[in-house]
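Presented below are the structures under discussion, each in the form of structure tokens.
In what follows, subunit A forms one complex with subunit B and a second complex with subunit C.
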Partner chain A sequence: MTIVFGIFLLTLLVVVAIGIVRAENLFTAVMLTGIFSLLMAANFFVLDAADVALTEAAVGAGISTVLLLGGLALVPGRERSRERLHRLALAVVALTTLMVVYATFEKPRLGDPDAPVHQHVAPWYLEMTPELVDIPNVVTAVLGTFRGYDTLGEVIVVFTAGLGVLFLLGLPGVIGERNVDDLAVGRSYLGHHLVPQVVGTLLIPFILLFALYVQFHGEYGPGGGFQAGAIFAAGMVLHSLIAGEKESLMVISPRMLVLLMAGGALLFGGVGILTMLLGGNFLDYNVLAENPVAGQQWGILIIELGVGLSVTGVLLAIYHAFAARSR
Partner chain B sequence: MELLGLYNYWVFAVLLMVGFYAVIAKTNMIKKLLGLSIFQGAVFLLYITMDKVEGGTAPIIQKGVDAVYSNPLPQVLILTAIVVGISTTALGLALVVRIFEAYGTIEEDETQRLDLEE
Partner chain C sequence: MWVLSGLCLTAGSAFVLIGGIGLLRMPSLYTRLHAASLTDTLGTLLMLAGIIIQAGFTLAAIKLFAIAVFLLLTGPTAAYALANAALLSGSVPQARLLDDPEP
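Then we have the complex of A and B:
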């Protein structure tokens, strides 16, 4: 049954992808991208990746659609006239697809427990996590401690990309000449629609609470800083859509957003420096407490907080950079 | 049935190339960005497909329960990649917005023509 469901979802994914490429109206294409992400999240869930599904649903279907719409508000919403199918490109693409499909016949079948990918470090992670870190969610353990360097690198990349957007578009009150006071009062996308306004206002506190739950429950269930950051940012974006751009920037000021961006990444790196000062290696949390296992748990809790703060700051700052430019 | 186990990889191949087609054949820059995110989604799908173990469950260990767990490593790689992906897409979008402000168009061939005319 699961396999039929999986095949159905995957086929839909292809249909939606072709729809995105063919749609002449860019608004349609962006909305289809949201559906694409949601289908992708469902697929991830079928494939046992609960954490990834949560991330894709929050980031791909939520934040990314809003950001793309924010960008679309600043550029023309239609493609020029319908173009002919590009013959050469089509030939290249068809040939490459056939080659990749041909290559898959050598791949291990879906779910094969003897596949090479399951023989390397993964069994060690699954076996040693209860002993060394003692938290149930192995994904969080690998993310936070076994591959902590990698995660720090990713946070820095997210921070850098956010910084790039701010330098390109400016953020009122921090980068560029405009101030928060220059923004028009009470201009919002959803302000004139009664139903979204009432429902949204009711939902915002619960979304923010859920974000905190995902943040601090990430060791026990699916969740962690990346997901929590995206959900928290989504809640604040909803606030901005309802209350207005200027009003939202007064709740979390632009300066605060930049501080969150940098502070989260610094907190993560700071834990690494602290462990070095305490006599361990960089990001070796064992030295943070008397008991190495407790040290690991503290380390993961703090760096996940750093990740959450940084992701919230970056995503919100990017949203405001787009939204504030259009008015 | 044996071949159905490869269906995920075929969808990966098709999605990858649908995205790639948009990047190389479309002149509209927003379309190129959307194509890039489809391409990116295909790669995510490839990695997550590899993590699945027959009869397995999400790698959240319950003590005293004898379960098979799927591979956590590809999940960690893709989890962070999704957030990085949206940040870089936003960066591209910001560039497109600035290009529109400078050229008045987001069609690639028109910006090239304007560059040549100068």
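Then we have the complex of A and C:
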């Protein structure tokens, strides 16, 4: 059954990818990238990777589509037409495709338990998680503790990307010359549409609540800081679309956004420093509590909170940076 | 129980299929929207109802019910927003009475 779904979804992926390349209207291309991400999320879910599917759906299909649309408001809506065919580019792409196809011949069968990827450290993670960390979701254990350095690196990457966008575009009130007061009161995209306004206002509390659930339930089910941050940011973007940018920046001020961005990453790194001060290694949560297992759980809870704060701050700051520039 | 669930699932799939055909065959944006909103609401809700019947009175059923409520709120809103945006951008619905001659 997985094979049937897989073939169906992957065929659709190829169709959508060709559609994105061929679309000259950039709005169409952005919408198609959203559909691409959603198909990808379904694909991950079919392969039982619920955490990755949730991330792809929240970040890829949700927030990035919004950010791309925000960027699209600053540029012309159509792709510049190209007359001549780039033979060199075509040759490079064809060659790469052939090489990738050739590489798949060596690939083990889908779900083969003897595949090298399932023989390396994965069995150890599966075996030791109940003993060392004692949480049901192994993915969270791997992300938070076994591979904590990688996750810290990812948070720093997200933080750096956010900083880059803010320095390029500016964020009213914090970076650049514009002040929050310069933004018009009640300047919103959906404010004068009654039905989306009412339904959106009704949904925002539940979206934020769901984000908190995903954040703090990540040890027991799919979810964690990255997904929760994206969902929380999506809820606040909806608020900004309905109530207006300025009103939304009064709920979470620009200074607060920057604090969230840096504070989340700092919280993550701070846990590492704390464990060093308590006599352990960097990000070795065992020393955080009397019982090493409880220490691990505390550590994961705190660093996931750091991830969530940072991702929320970065995504919201980028959205506001784009929105403040348009019009 | 299984018959009822199967009926719901089949009816839901039929509505999705009809919506899909309508989306391809209808002549204008508004009629297409009319066909597509069928998939959103009736099709998905019937399928969810079918799965809820299979799930019985469990936590999964409550989650599915929550999804159904969410879809019931957002689906028509999205359809409305799309139609409203089309109308505001100057696409006027073309209407004529049945007795009118072909345009």
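As a working rule, the second predicted complex is superposed on the first by the 319 of 327 C-alpha atoms of A that agree within 3 Å, B and C clash if a C-alpha of one lies under 4 Å from a C-alpha of the other, contacts with A are read in each partner's own complex, and residues count from 1 in each chain.
Here, contacts are C-beta pairs under 8 Å (C-beta built on N, C-alpha and C of every residue); 3 or more make two chains touch, one makes a residue touch a chain.
A quick note: this is a predicted structure, and the numbers were derived from the prediction, not measured.
Trainee: Quick check for you: in the superposed arrangement, does A:79 touch first (subunit B), second (subunit C), both or neither?
Mentor: first
Trainee: Please indicate which partner A:126 is in contact with in the superposed arrangement: first for subunit B, second for subunit C, both, or neither.
Mentor: A:126 contacts subunit B only, not subunit C.
Trainee: May I ask you to decide whether A:169 touches subunit B, subunit C, both, or neither, giving the answer as first, second, both or neither?
Mentor: First partner only.
Trainee: Residues of subunit A touched by subunit B versus by subunit C: which partner has the larger set?
Mentor: Touching more of subunit A: B.
Trainee: Is A:157 contacted by the first partner subunit B, the second partner subunit C, both or neither?
Mentor: The answer is first: A:157 touches subunit B but not subunit C.
Trainee: In the superposed arrangement, does A:71 touch subunit B (first), subunit C (second), both or neither?
Mentor: first
Trainee: Of the partners subunit B and subunit C, which touch A:193 in the superposed model: first, second, both, neither?
Mentor: Touch partner of A:193: subunit C, not subunit B.
Trainee: Examine A:20 and indicate which partner it touches, taking first as subunit B and second as subunit C; both and neither are also allowed.
Mentor: The answer is first: A:20 touches subunit B but not subunit C.
Trainee: Figure out whether A:202 sits in contact with subunit B (first) or subunit C (second), or with both, or with neither.
Mentor: second
Trainee: List the residues of subunit A that touch subunit B in one complex and subunit C in the other.
Mentor: none
Trainee: Give the list of subunit C residues in touch with subunit A in this complex.
Mentor: For this pair, the touching residues of subunit C are 70, 73-74, 77, 80-81, 84.
Trainee: Using the touch definition up top, name the residues of subunit A that touch subunit B in the complex.
Mentor: 3, 6-7, 10-11, 13-14, 17-18, 20-21, 26, 29-30, 33, 36-37, 40, 43-44, 47-52, 55-56, 59-60, 63-64, 67-68, 71-72, 74-76, 79-80, 83, 85-86, 89-90, 92-94, 96-97, 100-101, 104-105, 107, 109-113, 115, 117-118, 121-122, 125-126, 129-130, 136-139, 141-143, 147, 150-151, 154, 157-158, 161-162, 164-165, 168-169, 220-222, 224, 226, 229-230, 311, 314-315, 318, 321-322, 325
Trainee: Quick one: which bits of subunit A touch subunit C in the complex? Just the residue numbers, please.
Mentor: 190, 193, 195-196, 199-200, 202-203
Trainee: Note which residues of subunit B are touching subunit A in the complex, please.
Mentor: Where subunit B meets subunit A, its residues are 2, 4-22, 24-28, 30-31, 34-35, 37-38, 41, 44-45, 48-63, 68-91, 93-98, 100, 105-107.
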